[in-house]
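Each of the next two complexes has subunit A plus one other chain: subunit B in the first, subunit C in the second.
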Partner chain A sequence: MLELKLSLKNLLGAKLRTFLNVFVLSISFVIIILLNSLMDGWDAQAKRDSIAWEYGNGHLLHKNYDPLDPFSILDGHGSIPKEVNNLTPILVHQATIYPQGRIMSISMKGGFPKNTFIKVPLKKVLNTNYKYPAVIGKRMAESTKLSIGDEVLIRWRDKNGTYDADRITIVDVFDSDVPTVDTGQLWLDLNTLWQMTGLKNEASFFIANTSYKPSVLQDWKFKSQESLLKIITDLVNQKKYQQGIIYFLLMSIALLAIFDTQVLSIFRRQKEIGTLIALGMTRFRVIKLFTLEGSLYSFFSLLLGGVYGFPLFYFLSLNGFPVPPADQKIGIAIGDFIYPVYGFNLVFGTILTVLISATIVSFLPAKKISKLNPVLALKGKLQ
Partner chain B sequence: MSNTPIIELKNLSKSYPVAGKSFYALKDVSISFKKAEFTGVVGPSGSGKTTLLNIIGSLDSPSSGTALVLNNNISELTHSQAAKLRNHHIGFIFQVFNLLPVYTVYENVEFALLLQNFSAEKRKKMVLEALEWVGLQDHKDKKPDKLSGGESQRVAIARAMVKSPKILLADEPTANLDAENAHSILKTMKTLNKELDTTFIFSTHDEKVMKYLSRTIVLKDGKIDKERANKSRT
Partner chain C sequence: MFKNSLLSLLLIFFSFFSNCQNSSSVKALEIIKKVDNNMFADTQIMDSKMIVYGKRKSRTIRSKGYSKGAYKNYTEYLSPEREKGTKMLKLDNRLWIYSPSTDRIIQLSGHLLRQSVMGSDLSYEDMMEEQKLSEIYYCNILGEESIQNRNCWKLELVAKKEDVSYHKRILYIDQSWFVPLKSELYAKSGELLKRTTFNEIKKIQNRWYPTKINFKDVLKSGKGTDFIVLEVLFNPPIRNDFFLKSILKK
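Right after this comes the complex of A and B.
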């Protein structure tokens, strides 16, 4: 294709101007893919961890229990129905602990140690001689200054509202990226919690395993894994929208550079355009030539971006992107490192966006050629 | 030389609006050109020489009158038909050469052939032959910025002649050249005119050119002032 050959020659002939445009566009291209892949990586990691540590295959919640409303804990429990296959019960109960003289409101969560369907290591409470063995997460351990083997005073009310108090012993501190199974929570054997509260055979919610088939149960409502994960998806999408502003600015700068170059080219190269027309090139082909020149910036930017972007992407996919400790306290699952996910849609979507945008901003000034007077163009007169 | 005109201009006028009035670059010009003529259109600046060449070259269209070029009515041609006519049958040589700066000498000459979709092998043969006509075989890989004025104009001639056009329009081709280069180029063009039967039409006010012309048309204020046949130096 003649226009392609000519536009390639023109671009390579322009050397520094071409390199600068290509470099700026490649930075935009690499940053867009990188930031989006980190978001997708975070999204995937948060969902994976939330499923493994908290959601399982969905939750069957007592009709009065809302995991996001602490006021619903008091009445948000009920007797375990008879037909509860592939479900494991969790009872949530409020309590107060006094670590090193401080007062701290917490939630006790009781589950069957051998059958929680989630990764909380409740098995650690088995085979101990402690009266009330419990496991806590690393965030809870940090905020309470508790470690394995420590005892802490706990006070709670049983089903009749009567206060009781005793000492619990920390038998394990688990490391989870999911703060909602960690922060302000004590995990106990469900039998122990039933005994402490008198709520024998009751649960606040159930965790479903992969074999669970939802069915209608009076007083219980099922929340699928997807609906539980929606909060993560919404948060990540919100972050993506915020980053969209950065992408827009980056792309605008890069595309503006191409647009500017194109406008300048068409003004500065009037004589050349006139010569091409005089030599028998149709205006349509000249427009095609100039549009192709602009589009090729995006193509070269993809190549250049690939040269330094792919090693960077590969390095990050192996080593992850470190997350500052402050960011890990935002209340949603986030690990010490985010491993980017480079999806087909992300990579090819970005490539297409860059190619199409560059073609459009190249075409807009080039279409002016259709109205160019070749006689004036040959004289190099601005039109 | 055939007696059949290949260019016929009848009552040709070209006007431009200037300060709300019509300025006539050409007024009621009637003239014809035969095959293999070596004709010069001379006259002072603003006499309409370049406008005449532009209309013949289908780069511009007349305001009134008829311009028949190789049986094509210039006023009725679409952009793409005009482009095709230029590409196949009309060569241009400009005062400032107008070579494409990023291409080599070879590629500049090859350009017109690329538009005509000749095979690579045939293109190569034609380009090398054209470069031989103008004596620039050894400069084929140079970029235009490495050439002298005379060499650049030779490349422009090779580019215009490589497709063996029926008409070659040269707008002040020697204006930027010294006497030696001007004569050398005119000799080359005269030789090509004889060998290829191409009709050459110059716009010029260069005395050196006039010696070579077989016919001179003098334009004054957009009108034909005089016309004479010359005994040209060959």
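Right after this comes the complex of A and C.
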């Protein structure tokens, strides 16, 4: 208790020096929590949106179809097996779109409007008088400069490779944070796509709902929701590793300041150390006193970080962190705003890291006290 | 009695109509075969330039092509500097491109074949289709029209098989040269997709041949692409190694 009182008194007496150390450490603490919470927020948001818009409860893919390989679209489809339950088919077919006389390669995706298991608003193609009603995403609408009600010419090849062309009408533009259901894609009723391509009763993949029980089907392979989401997990982890360098640098700067202060204190306060030992304090208690002083920096930094960090965290949790439009075009699920997630592990993990590392860097210079000669220290002779 | 005479009359009418149709088709087929004879050769070496009209400026690309039959073709680009040394080899339905800047050969397939060749109105797929028209289309004469002040037959070509890229073509064939002066390519829906106009017809090695061709993707804006034949040799001997993949890195 005496050590704690003395430590507090010493730290408060040092005023500006203490404040600077505490402030630097608090910045590291706040930034580490902020960046990690943003990463966790992005991870959670991307997974939630990807499940809702694209993955459902998993995909049953044709053996030749690879969603990441456009070369596989041509042959990556097959007849819908009879024994499919809790699955909805999606057919992917390549086409060329001519918006305002420009030429662009796209994919046409067909699904059952009433039963897609995902949020793409395909129901909008029902009950229209258009020959080929289609829905597109906001990114596709932006790149093609199309809006609801616009007609645009598309050209495609049927199952035999013969060119066909006609006008499609945009009946809805949906707003999704998942670019892989949006960029360069056109969504149609599956029956319409079958009729256009001649690929009747064929699908490239199926989306499973929550009741689907995976079973072995010839020519089809099942990819669970977890394996589909692994891309996002890996990406977020990769980003976290990259940010680890920033954390390391920030923590190093803060801890170096504490270490430096401790070394200077022990050098300048040798007379005080000698007096304490002469008054009956054991060397271990003196080391404890100095280590406690260093640890208290981290405690104060948590308090100071809390003073300006909590309002900031609260504000971001309500309003989100804006994502520049350029970052949203990189092909991964990312919204206009990232809402940070402050998990228990993150906050307490960071607090513990800061406390432990500050204690260690305080203890290292304090070890020297055990080797001090108390008589010489009392005389004020430098050792 | 009256019923029988009416039936006979109808039979006579249909058989006359069908004969007319058949004779028209036979004549059309003869015309198309003569066109094929003019336009195709067993082997061919062509020095040409392609003018690609962009929104602001045009680009001229010069190349030399060697072909053998309908399924073997090798092209080397000679200018501009950016494209110089680029080589393209087509064997059957496979296409490889060699780029000197990367020193790599890539095989084009799938959607890449639908990309335009060096920004032109021609896709790689278009370049790969060199089958004789008489082999893949049913032909029919629709009438006669004047194109470029010359008398032409207007022929309708409808695909014999289902795997032909363009379901229907309308060709305007010069009646004395047996060379197309205009060609229109249609989708199955009847939508016009591409238009080709043939100009500056010259007599080369006893055959009439167009030396300036304009390809226009009508769905796309712009002036299209001009293909100008600078020199062409029909049926010259060409070494087999021109049609091996090893030629690309030579």
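As a working rule, the second predicted complex is superposed on the first by the 383 of 383 C-alpha atoms of A that agree within 3 Å, B and C clash if a C-alpha of one lies under 4 Å from a C-alpha of the other, contacts with A are read in each partner's own complex, and residues count from 1 in each chain.
Here is the rule we go by: a contact is a pair of C-beta atoms (placed from the backbone, for glycine too) under 8 Å apart; a residue touches a chain by one contact, two chains touch by 3 or more.
None of these values were measured; they are calculated from a predicted model.
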Subunit C versus subunit B on the shared subunit A, clash or fit after superposition: fit
First (subunit B), second (subunit C), both or neither touched by A:T162: second
Which of subunit B and subunit C A:G101 touches, first, second, both or neither: second
After the two structures are overlaid on chain A, angle v-u-w for subunit B, subunit A, subunit C in degrees (C-alpha centres, nearest 10): 150
Subunit B versus subunit C as contact partner of A:N209, first or second or both or neither: neither
Partner chain(s) touched by A:E272 [first = subunit B, second = subunit C, both, neither]: first
First, second, both or neither for A:T353, with subunit B first and subunit C second: neither
Touched partner set for A:F284, first subunit B, second subunit C, both or neither: first
Which superposed partner A:L2 touches (first subunit B, second subunit C, both, neither): first
Lowest inter-chain C-alpha distance for subunit C and subunit B in the superposed arrangement, angstrom: 73
Subunit A - residues contacting subunit B, complex: 2, 5, 9-10, 12-14, 271-272, 274-284, 374-375, 378
Partner subunit C, residues of subunit A touching it in the complex: 70-71, 73-74, 94, 96, 98, 100-103, 105, 153, 155, 157-158, 160-166
Complex contact set, residues of subunit C against subunit A: 109-111, 114-116, 159, 161-167, 185, 187-189, 191, 193, 217, 219-222
Footprint of subunit A on subunit B - complex, ascending: 54, 57, 59-60, 79-80, 83-84, 86-88, 92, 94, 96, 98, 100-103, 107, 111-112, 114-115, 159
